[in-house]
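Two complexes come next, and they have one chain in common, chain A, joined by chain B in the first and chain C in the second.
Moving on, here comes the complex of A and B:
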């Protein structure tokens, strides 16, 4: 008798297991008022010899159940609260009417000028060459990254940047190649800029500005434009129009490597202006957060040994 | 003897039952689906341009299996979802899905030589995880994270985070912007128009 009882238990467990392995059944886990007996009946249906026809039937029933369910906020357990909480990443937009005009302007600039030129350039120059050109300009932009690392007291980052610059300039043929980020040296480009530095210091992002030609920035991140002007070597090319010519070429080259990205994003958006504004806010927010995490991790031994630290480490690795 | 056997069977059954709870199931699920997509994209038989529709059809099957579109829709609308009537909800989910397909299908079909690497699974809650992956192209790496939820024993994607930008949140901002001023019907109208423009 006990034996049979245990067999029944086993069958039940096996059914549950089959369902846990991903067979669609009408058995639902969650806050539904199905009585226990109903659950057993429906799970009993989920025996392994369930035909595919039955499966598709139950599967198609499922979404309708869900559709009639209301939206509930995630129930967040204490221990996961910090991780799951989707930060309210928003950016104030008092200049919206003006910004929309500039957004339109930049959009036209892209489709009428930048994209056709980049497409022509892409047709002529093979991809490896274009990647090299990108590397070259990225290497030239080293001062801004180096300075940002120093200003954030990220000395290992600054050292990495200095090492990369030396190696890539000497062995990477003036920066055309990027031998430092290879497996042997593993010196990765420090993903940082001056706007981020201010962010790490605790300066708020301010409001959203779409600059004609330059694109979306927050008020704070506009410092990148100024910084780029003063510490980017290309700015010091004489005469001024040669300098802007080089800048334009850099942009064409960069665009040639990502044709289609802007179109896809714009195409998928219901209101492209809002979509880009939100994407910008999320992107910058998470970059600064990642940077802050890195800085706390590399901070001196003062905080070592704390469990919170260990958890952060785990998260990063 | 019988008692021992009973005990053994129960233990054995419990062991098997507990297997799916191991970490990594979600990652495997996502990886399997993405590999399925890559197989379709690289299939030499499907190379000719005439096979595009067939390719899309095959991808749709994988997509349906991988994503939980209702959960996705709910999360983009948040509380506004509750003001939608059942008919409106159904229409919204269908329209939204079609818009996403129209805008991303070409982009996905253009991938061929890219490598996809799955490297990490972050637990968000008991039923939610974030699976981290990256697409490695010849000129760059694109981080793509899949947020997945466990429903009926199946891990399904409810949000995709591309280069730090969460799709759900991006649409939420857009929908909120519209629904703050207008009724659900107006949003549906906008979606219908967008779809017909194609």
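Moving on, here comes the complex of A and C:
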């Protein structure tokens, strides 16, 4: 079920990177998803924004000559290039032939079953209702996020999650609404899971594996799939087929909110399998890096300054 | 000006409260009525609340039954323009009827005296309108209906002359309807004080069945309703932080009920 979730995540990652194949898409990417390549584009755009008057003022205030400015720009570009090189994450794929078969199976499952059902559902259920359903399931998934924060020693994140769950359950009509994310309360969802927890602990991602129905995972995240299953309350609905029915409904609802994204990525990629694989690896790397950065910033000053990125990259590879 | 407003409206408000409390009612309603004016944003929006009410009531049909309930509920409301609101409420309630199994006959022993039922679900729908008289005072009206989806039931063993009898009592299809009017005063800190009278009707099917050595020998069904139909309410709605508000309310009929709710305005 998480296959499509992972796919959409891949969409965002690839869009954020301007797509490795140099093609543009219509997706909008939030500031938090801005990649290094986008930063380069942004910085390149920022410079011409200066008016000639501003530039002359700058020149008159700074006695450095144009040559040194060029050198400075080169240094910046080299720095960004180094970052790009540093963040290039690859994942071992010893099961590629089998993975491609499962990738194709999941692709057909999406186009032949999930998408038509989601389109029908979208036609009859208004968007606010579907967003509320999404909020409800997101609220139910609180235990995994809470436990992950605790296991990462991110106590402020755990407290935020506990607060969100309490407020959204009581004043959000059982989680259908999300008042916690509003301007006044500003308790944002902690974007973490048990797979990221292992990553933060230093466990490498292992090899790439595509599961039928569930979608792309690394070996590390596959192990965690079971853990996520056991701490998701929906898993405990009896009988078992009711539980899977609820999960299927959750997936249909989620898909109805993002129809078209998967298609866009697939159409943009020369080899969709490779595109999804690389995007998955990049996405997970960035998530874990973000968690590590957050923990590093909240850690005592003595622990700061460690080359966390390089260390993480080595582990990931 | 302020003094004049107080001079004019305070006696009216006081008269309403006094008249409400002076009526000799025998019943009250379930759930907080809340402030007469919606707490939703003026351009229209949701507000939600979580509330608790300790509630006492008296039902009758030949005999009188004093009912005690603890109610916990969640409410969603939509209001606009500071003048109207509709709301829905779901919650759970327990029930206790004191001394209903007790017997004055010394030869009859009962396993317990009180009827005590576990938490059962209820739902309520309501609407309120408000008319501001000026910046401080306004009058409003509300109506609210409540229905209990599940039945309250309890068992007791009665021994009469050495013969054990199993008795089951049920309180079924309980519902109520309320209509009230009131006066509200807005304080400078954003708090709202409100009070007024209300009328009320509640009804339930009450059944008592007993088995004597496996044979049903007694079954008694009848409808019970509240003894009287009027009461008064008095409450305050106080702003807290970050969009939350505290609502405290008392309702008085033949018994006193009180509760509180914390609401959040989207």
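Heads up, the rule we're going with is that the second predicted complex is superposed on the first by the 212 of 317 C-alpha atoms of A that agree within 3 Å, B and C clash if a C-alpha of one lies under 4 Å from a C-alpha of the other, contacts with A are read in each partner's own complex, and residues count from 1 in each chain.
Note that a contact is a pair of C-beta atoms (placed from the backbone, for glycine too) under 8 Å apart; a residue touches a chain by one contact, two chains touch by 3 or more.
Everything numeric in this text was worked out from a predicted model, so none of it was measured.
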On the A-aligned overlay, A:173 touches which partner chain: chain B = first, chain C = second, or both, or neither? second
After the superposition on A, what does A:267 contact: first (chain B), second (chain C), both or neither? first
Who does A:127 touch here: chain B (first), chain C (second), both, or neither? first
Is A:182 in contact with chain B, with chain C, with both, or with neither (first, second, both, neither)? second
When both complexes are superposed, which of chain B and chain C contacts more residues belonging to chain A? B
Classify the contacts of A:257 with the two partner chains as first (chain B alone), second (chain C alone), both, or neither. first
On the A-aligned overlay, A:287 touches which partner chain: chain B = first, chain C = second, or both, or neither? first
One more residue to check, A:108. First (chain B), second (chain C), both or neither? neither
Mind working out whether A:89 is in touch with chain B, chain C, both or neither, as first, second, both or neither? first
Within their complex, chain A touches chain B through residues 2-3, 5-7, 9-10, 13-14, 16-17, 19-25, 27-30, 62-63, 66-68, 70-71, 74-77, 80, 83-84, 86, 89-90, 127-128, 130-131, 134, 257, 260, 264, 267-271, 274-275, 277-279, 282-283, 286-287, 315
Complex contacts: residues of chain C adjacent to chain A: 46, 48-50, 74, 76, 242-244, 262-264, 266
Over in the complex, which chain A residues touch chain C? Could you list them? 167, 170-174, 177, 179, 182, 184-185
Using the touch definition up top, name the residues of chain B that touch chain A in the complex. 2-3, 5-6, 9-10, 13-14, 16-17, 19-21, 29, 69-71, 74-75, 77-79, 81-82, 86, 89-90, 93, 99-100, 102-104, 106-107, 110, 122-126, 128, 138-140, 151-154, 163-166, 169-171, 173-175, 177-178, 190-191, 194
